[in-house]
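These are the structures, in structure tokens.
Common to both upcoming complexes is subunit A, partnered first by subunit B, then by subunit C.
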Partner chain A sequence: MNMAVTPVPGTGPAIAFGSVSLSLGGTDILCDICLELSAGRTHALVGPNGGGKSSLVKALLGQMPHQGQIAMTWPGDAGNVGYVPQALEFERGLPMTVEDVLATMVQTRPGFLGLARRHRELVDTALARVGLSGKRRRRMGALSGGERQRVLLAQALMPQADLLVLDEPLAALDEAGIRLFETLLGQWQAEGRTVVWIEHDLAAVRRLADTVTGLNRKLLFHETPEQALAPERLINLFSHSATEVPLAAGEVA
Partner chain B sequence: MTTVVVEPAGAGHETLWLLLAAGLILATAALVVGWHGRDYHVAELAPHQLDARRDLTAAEQGLYADLRVAYDELLFYAEAPAVAELADSGLPPFIADASAARRGHHRWQRLTLAGVTDDGPVATAVVYYGETAEPEVAGSLLLAAPAADTEPSDVRVWLNREAGATLPASLMPADLAKSGWHLVVAQFDAGVTRERQ
Partner chain C sequence: MSLFDGLRTLIVSWAQAGYLPELLTYGFVVNALMAGLIIGPVLGSLGTLVVVKRFAFFSEAIGHSALTGVAIGILLGEPYTGPYGSLFGYCLLFGLMLNYLRNRTGLSPDTLIGVFLSLSLALGASMLLILASRINIHILENVLFGSVLTVNSQDLTVLAVVALLTLMAMLPFYNRMMLVSFNPQLAAVRGVSVKLMDYLFVVLVTMVTVASVKVIGAILVGALLVIPAACARLVSRSLRGFFWGSVVISVVSTLAGILLPIVFNLPVPSGAAIILVAGSLFLLAAVARSLVPAMKGDVV
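And now, the complex of A and B:
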């Protein structure tokens, strides 16, 4: 499915999914996904739980044995890809601080040996951008869910990614965290970075995304938020017998 | 402009390298084995010989081991002693004890037969003859007493499993074979560590 959304000149890539399918353990997770995402735009993926949204972004990250072709076309040299997972699973008693976790992301030497001096500025900047400068010495287990989500956002900023893949970043964020996320997203959009964003909060999607893609094992629609989030589309999307909704006459296809 | 195709996750390359490494190891092992490997030959026995490890019953093996030890003792005597003397000194298998009863009730006697050397027959040779009472448990045995300059390794024991075993006319191989005596030989070859089907 292709939709004409003008690319924004910037550093983010355009992404083309060509007949992407995925089966795991005999179960079809994704069927024949054909989708083109414009460069420098914010693309939201919506759909019911188990609809294959996370699997699609993991395929994009090269972590799934997909079939079909996924191609990223970068404006210059291939840039950085940042990934914010849905949740960070770890033992709450683990004696790792926020700084230790971020250190393991940017350096090859073990995190318990401390943060390398040459990466200190990078980590300082990322923590400042997510408002966690004062909590760098806190144990990860002592952080709230929202603060942990901010740490995940911070690691996607080190170094600044040109393609950001976000898996429900708002799920655990508090009000201030959501405002922070919106600020970051605004900066990424202004800089022309491509964002692929899985989200359940449809109000946030309507407000912030450039395109919305409905996914429930197969591609249901790929449109602007105004078209995609019409009531009949949403009822179909979240019903058990979801089918691809034929485009109305006059809609851009 | 750069186009990057995202490869599906999979272990195809790792599997290929692993198979290659496994193949290389097997090929190297096959080369080394082919190079250094040696055929082993288990010495074939003559028809008049019996293998001490494989061809004897449990009772016969016990008696044969005792006779080998007794032979070492006999080396200390200037002349071959009488059976009664050996029995008095408690040397098996000449004493009549529980082991002797279990191993076929042999009746031991010292005899003189025509002997043999590398140069041909000599006048006499002293032998110890154990006549079995139970041939199905252990056959009759013949131990050549040591001559003047023999070594412990020169021990020679013959076995005859026939019920009414007759003594050979001499220790000439032809005479022994004719009266049904088999030389018991102990050999240490590659067959020690390999099962022979």
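And now, the complex of A and C:
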């Protein structure tokens, strides 16, 4: 199933999933996923828990053995891939500041020697973009869930990724955080970066995504938000016996 | 003459000439202090990763497996004062197998470590009973609880080589080993080889533990990988404070644990004395943290 969306010229890659299948412990997680994601666009993955969204993303990141092919076509040299997980496994009492955590991600020099001078500007810029400049010396454990999520967004800006893979970034964000995310996403879209975005907030998906892909072990649809988030599609997507929805007339197969 | 023989001779001669404390006229005291100065920083620094990665039980298990390694070594004819071949061989096998199965069985780490630890202790106990009829079993007390009196130049060389290797691995890979424990998927996307870092960490903990057995003893060596870092974690607010605090606490505990029984003529094994000092510092830190709000940092 495929829907052509005009690529946006920029630094992000086009991604083609060719008959991707994946099973764990004898259970089929993904069955024969054929999907093409246009370069420089924002692609939302939606579906019920256990539907295979995270597995597809892991396969995309090369961290899950699978059958089939996943090909990335970059506009020039292969760029940076950024990943924003849902959370870090972080003990609240651990004596690590925001700057310490970011230092462990961007430099080889051990974090206990402090942030290297040559990375300071990179960290300063990333923290400013996520509105955390004033909290760089705060312990990670003392931050709110939304602030920790902003730190995770900041690391994807160091260096700025050309392909961004986001795993429910809105789940922990407050109102201000969601506005900040929308600003960042707008910049990424303007710069032609490809975004693959797992999300449960369908209102945000309708507002912000270029395409929406419904997954429930198999590919159910891949369409524009207006087509994909019609009530009958959603009922089908989140029902137990989800079936592939026939393409509407005029849709490109 | 090794580097450590030369250093010891020099320090002893300075002490005999009155430039250094009289205590240092004894070669075994100098050996013990050199051992403490080497293992203190290594255990303290590696301990920060043990605490962050929640590997405390693992380091304890490796320490206990050293007992079995010693028993195997003596049975195979290695000298009971330093059966390093069997010690390193058995403990590395123990650690690597544990990590291999941890990735494949789906069992939680503490369950798997519990199984391995029990098996290893059972094997060690059986071998020690066989050994009891061949050697004076009291010799093994030194292995269990550590003895500064028996540290020689060979032990110091082993410690120095392990410390150097640990430093060479820690400096470039410290951040990566830490990031893997925060989120393996994120670490992998950022170019970190997650499995390699896991195995490297297991090898480092094993080597440092085995090299420290002579001074601290098989029963207690794992504790010195945990207590200084746990203590520093209580009173520090940044990674820099956490790391260097752990190193200082480890060095102070090691040196005090070595010197106090000698100076005050106490019949306490060095390993026990080191852990008692470290444990006391930990209790002080815990009390200080509860009394001084600023030490809690900005945790809400």
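Here is the rule we use: the second predicted complex is superposed on the first by the 250 of 253 C-alpha atoms of A that agree within 3 Å, B and C clash if a C-alpha of one lies under 4 Å from a C-alpha of the other, contacts with A are read in each partner's own complex, and residues count from 1 in each chain.
Criterion: a contact is a pair of C-beta atoms (placed from the backbone, for glycine too) under 8 Å apart; a residue touches a chain by one contact, two chains touch by 3 or more.
What you are looking at is a predicted structure, and each value in this text was computed from that prediction instead of being measured.
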Put the two structures on top of each other at subunit A: do subunit B and subunit C fit, or clash?
-> fit
Regarding the shared-chain residue A:138, is it in contact with subunit B (first), subunit C (second), both, or neither?
-> second
Could you say whether A:97 touches subunit B, subunit C, both of them, or neither, answering first, second, both or neither?
-> second
Can A:76 be said to touch subunit B (first), subunit C (second), both, or neither?
-> first
Considering only touches as defined above, state whether A:63 meets subunit B (first), subunit C (second), both or neither.
-> both
Rounding in steps of 10 degrees, give the angle subunit B-subunit A-subunit C taken between C-alpha centres.
-> 30
Kindly classify A:231 by the partners it touches after superposition: subunit B alone (first), subunit C alone (second), both, or neither?
-> neither
Contacts of A:89 with subunit B and subunit C, given as first, second, both or neither = second
Just subunit B (first), just subunit C (second), both, or neither: which does A:26 touch?
-> neither
Subunit A residues touched by each partner, larger count belonging to subunit B or subunit C | C
Examine A:110 and indicate which partner it touches, taking first as subunit B and second as subunit C; both and neither are also allowed.
-> second
Superposed arrangement (fit on chain A Cα atoms) - minimum subunit B/subunit C Cα distance in Å = 9
Shared contact residues on subunit A for subunit B and subunit C?
-> 61-63
Over in the complex, which subunit A residues touch subunit C? Could you list them?
-> 58, 61-63, 81-83, 85, 87-97, 100-101, 103-105, 107-114, 137-139, 141-142, 155, 165
In the complex, subunit C touches subunit A at residues 48, 52, 170-172, 174-175, 178-179, 181-183, 185-186, 188-190, 232-233, 236-244, 297-300
Contact set on subunit A toward subunit B in their complex | 13, 59-67, 69-78
Touching residues (chain side subunit B, partner subunit A) in the complex = 1-10
